[in-house]
Amino acid sequence: MNYLYEKAGGKISYRGVRFGGKKIVFIAGPCALESEEQAIAAAEIIKKASVKIFRAPIFKPRTSPYSFQGIGTKGLNILEKIADSYRLLTAVEVMDVNQIAELENMVDILWVGARNMQNYSLLKALGKTRNLVLLKNSLCSTIEEFLLSAEYILKEGNSNLLLCVRGLRSFDSVARFPLQIEWIPALKQRTKLPICTDVSHSAGDVSIVPFNAKAAIAAGTDSIMVEVHPWPEKALSDANQQLNEEQFLSMMKELRKIANAVGRCID
Amino acid sequence: MNYLYEKAGGKISYRGVRFGGKKIVFIAGPCALESEEQAIAAAEIIKKASVKIFRAPIFKPRTSPYSFQGIGTKGLNILEKIADSYRLLTAVEVMDVNQIAELENMVDILWVGARNMQNYSLLKALGKTRNLVLLKNSLCSTIEEFLLSAEYILKEGNSNLLLCVRGLRSFDSVARFPLQIEWIPALKQRTKLPICTDVSHSAGDVSIVPFNAKAAIAAGTDSIMVEVHPWPEKALSDANQQLNEEQFLSMMKELRKIANAVGRCID
Amino acid sequence: MNYLYEKAGGKISYRGVRFGGKKIVFIAGPCALESEEQAIAAAEIIKKASVKIFRAPIFKPRTSPYSFQGIGTKGLNILEKIADSYRLLTAVEVMDVNQIAELENMVDILWVGARNMQNYSLLKALGKTRNLVLLKNSLCSTIEEFLLSAEYILKEGNSNLLLCVRGLRSFDSVARFPLQIEWIPALKQRTKLPICTDVSHSAGDVSIVPFNAKAAIAAGTDSIMVEVHPWPEKALSDANQQLNEEQFLSMMKELRKIANAVGRCID
Amino acid sequence: MNYLYEKAGGKISYRGVRFGGKKIVFIAGPCALESEEQAIAAAEIIKKASVKIFRAPIFKPRTSPYSFQGIGTKGLNILEKIADSYRLLTAVEVMDVNQIAELENMVDILWVGARNMQNYSLLKALGKTRNLVLLKNSLCSTIEEFLLSAEYILKEGNSNLLLCVRGLRSFDSVARFPLQIEWIPALKQRTKLPICTDVSHSAGDVSIVPFNAKAAIAAGTDSIMVEVHPWPEKALSDANQQLNEEQFLSMMKELRKIANAVGRCID
């Protein structure tokens, strides 16, 4: 059988940002949008590193119903302001078919988190939008299952698609969800869709994040998603894995060198 | 923190079927509803073993978008006929919030499959129905994550809830998704919600299914979900793991003995 | 290729104990032999349940070099006394080729623990003894790797061999090393060698041990290895998983019923 | 408790090769020593990249007793010739305490493979030699278990020790034993012992090997072990994962760039 994922991709351009080319594209920002003040401070930080895409989810899938569930739709105006003021593309997680209508025109990139990689109704609905979709692998996905989930989106007509490697569940407790580094070259052998790597959720700890980022670039990732918070110690979620300004800018400096070493560059 | 799952449960009665009591409740039927003829033939088989709940999904979440996706809503009339003619409760998988409206009044039990264990929108919406909900664990869930997903349903007000142990992903290739047998006693230590065990998806092969069923009863399960098909070799999905009439009736005979040995019984 | 493990086995008789027949054979005793007083007290307990094989390792493989490493060869005289006084067969773990010479004539059953399943020098050397050998699976073994390790022993000429299912490593924290219950029927499909199940190391906790034992018997195990200690709270290793007298005798009573339900019996 | 592994290490010099310094040390050669002709051809290749350590095991632990078990002790003379003619250090796997006597004076580096990480008799015996010991993690080891196995060696007095990250078993089939990339920084947070990465066994396929090597260097490894064979298609073991001359030299060229990007160098 011939799958669409085998042909799709190559270099994707989306509102002026090109994925899969020489430049490695960063998607950075807080684990969750918490307030306008926090969003502005985070945007200021990522602009210093010339990042062009701001992640700041307003809906958060949380293991416990009693954990912070995200700021909700009132965050959309904040995202719009940030997009305008800082000339940034915006990216949020979408958890449900019914959220798409209010998100698709207000936000650029809609991502599907690990928990929803096989939420096929959601995948099909995103296949009908014009947004750039970023699909993360589930915590116990095989590479074939991951590509077939991508196929659900492609089949509906949307090939603005990034595949995001984000770690797998393991008995190994060092990383929260160890990065399956081999998927980067292995995906590139199977598809031309650009590959993103989530270095924050795979590492789970600030001290490991930069190493996952370096390894991912060395292994050929086209894009990096990373959590950056202006004051991580006060974050409402994932406090341990969000980089502060100094950590983020220091990491970016090192990553530029690795990118050059593999014939890539970072803005 | 006190969770609702710690208190909820005990013996649940739903339209004349009692879960969590001395009787072990069976939920049996084909992997997917394929046709009226198939449904009738399957219902005939399970009635011979006095089973009271008929499983026959009309929507099938499939890894590939090109695989059989289920018969869809036209199956609802077939289910209604079966329910009436054979005096069976019916059970189907629900994959999406938007399917609930058409299912909740036509079907008794709505189940959440492994892929959607953390589809929180779906869990919340099911928490607002009056249906009996059966929640299966995801393939890489911890027991705590499983119970917190149950909490999403309980928190919305629906405590007609069965927890279904269905296997975990492993490197071990013998079983498709090996049964985490220890979860049965471990769940009982943490909650009074009745426990179901899916012996078909955990085994993945007809030759292993009866052993998983025996082990589950020995370990204390309150209910068993099992796939039965009148002619498995022609099944549109999961042909290897569906029991035929002879295999099913033979297994039921053996299971009655195990049930008695642990002070339980089977109708 | 035809492997020896495909043909070997059937009913094995070893010094009056028959494995693989109608009777389920128990191997019970402390995690480690600690003193003569402890060994006698443990032997007294297991005799009450008519157990015929006493486990009491004198060499303990421990993750840390600073943990209790076993009583060593001075335990051999204690074992001999127990064997004589209580008419019990004895079983200990062997970790090294160089231990075989002093163990083979003093002890009946030599077992290979999970850590040494692929210590091929040890397997070959045991294949040259006349002892009954019990081989446990490694924590991340496939069933094929396990059978091929058994082949190393058979190939050297010793077919007094028990295969012991003892759990696999998993991300699931409920059981220490969850029992791969499907291996019991799956091994029986591949070999006639009798199957033992270690219900203590797979459970890792006293509250789970009896459930693993019931499930293992329901799934067809020929033998059970279980840790019993006269005073577990003072045990030098694995305090949480050793049953005390009351727990052990209560479990045995329940297991007799399950054994009968599957057409087996327990002395 | 204070462990020896917390203090041990730093820069280790062994017969003129320094581990843990600025230079990244390569250990390269065939999966197994097959013949003098093959060993010479392999040595010629690795010399072209200025590699100083030649791996060429003479004893091979194999899952099946019917697979090629290594050339055995007659390979020692070949290794000695290679060492002399090419001025290379030599490295072989040691599987058993009883092999140490014949290896320790003929070979420089003795390594413990995944299967023997918890063969404590072997670890203790190696702790009494003066050889450089390389310890690979077992396929389902935690980082703590790995460090405690290292402790067994250190405790006996040998601190010429390299820790080798070599992949873990996973359900993910892309890589044979996916590389746990996070262990590299995590080990460096816990010990000063130099870290090696086995990029061949973790990748399992020639097309993935160079990416694992790049990622490992980016993440901070001090050393790389890699399989190189003059004619991999004729190799007696692991044919798919051994690089040929062209693949190896091409990889080395790329690795030099990554090493420079992280402030390291390669001879």
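Here the chain labels run A, B, C and D in written order, and each chain numbers its own residues starting at 1.
Operating definition for what follows: contacts are C-beta pairs under 8 Å (C-beta built on N, C-alpha and C of every residue); 3 or more make two chains touch, one makes a residue touch a chain.
Keep in mind that what you see is a predicted model, and the values were worked out from it rather than measured.
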Specify the chain most distant from chain A by Cα centroid.
C
Field rot_deg for pair chain B/chain D, CA superposition, rounded to the nearest 5 degrees, holds 180
Between chain A and chain C, tell me the centre distance in angstrom, where each centre is the average of that chain's C-alpha atoms.
49
Quick one: chain A and chain D, Cα centre-to-centre, how many Å?
35
Residue list for chain D, restricted to those that touch at least two other chains
140, 169-171
Graph shape for the chains shown, where an edge means the two chains touch. Line, ring, star, complete, or other?
complete
Interface residues, chain D side, partner chain B - complex
169-171
Partner chain C, residues of chain B touching it in the complex:
140, 142-143, 168, 170-175, 178-186, 189, 202-203, 207-208, 211-212, 214-220, 254, 257-258, 260-262
Across the complex, what residues on chain C touch chain D?
1, 61-66, 95-98, 115-116, 118-121, 138-140, 144-145, 148-149, 151-152, 155, 169
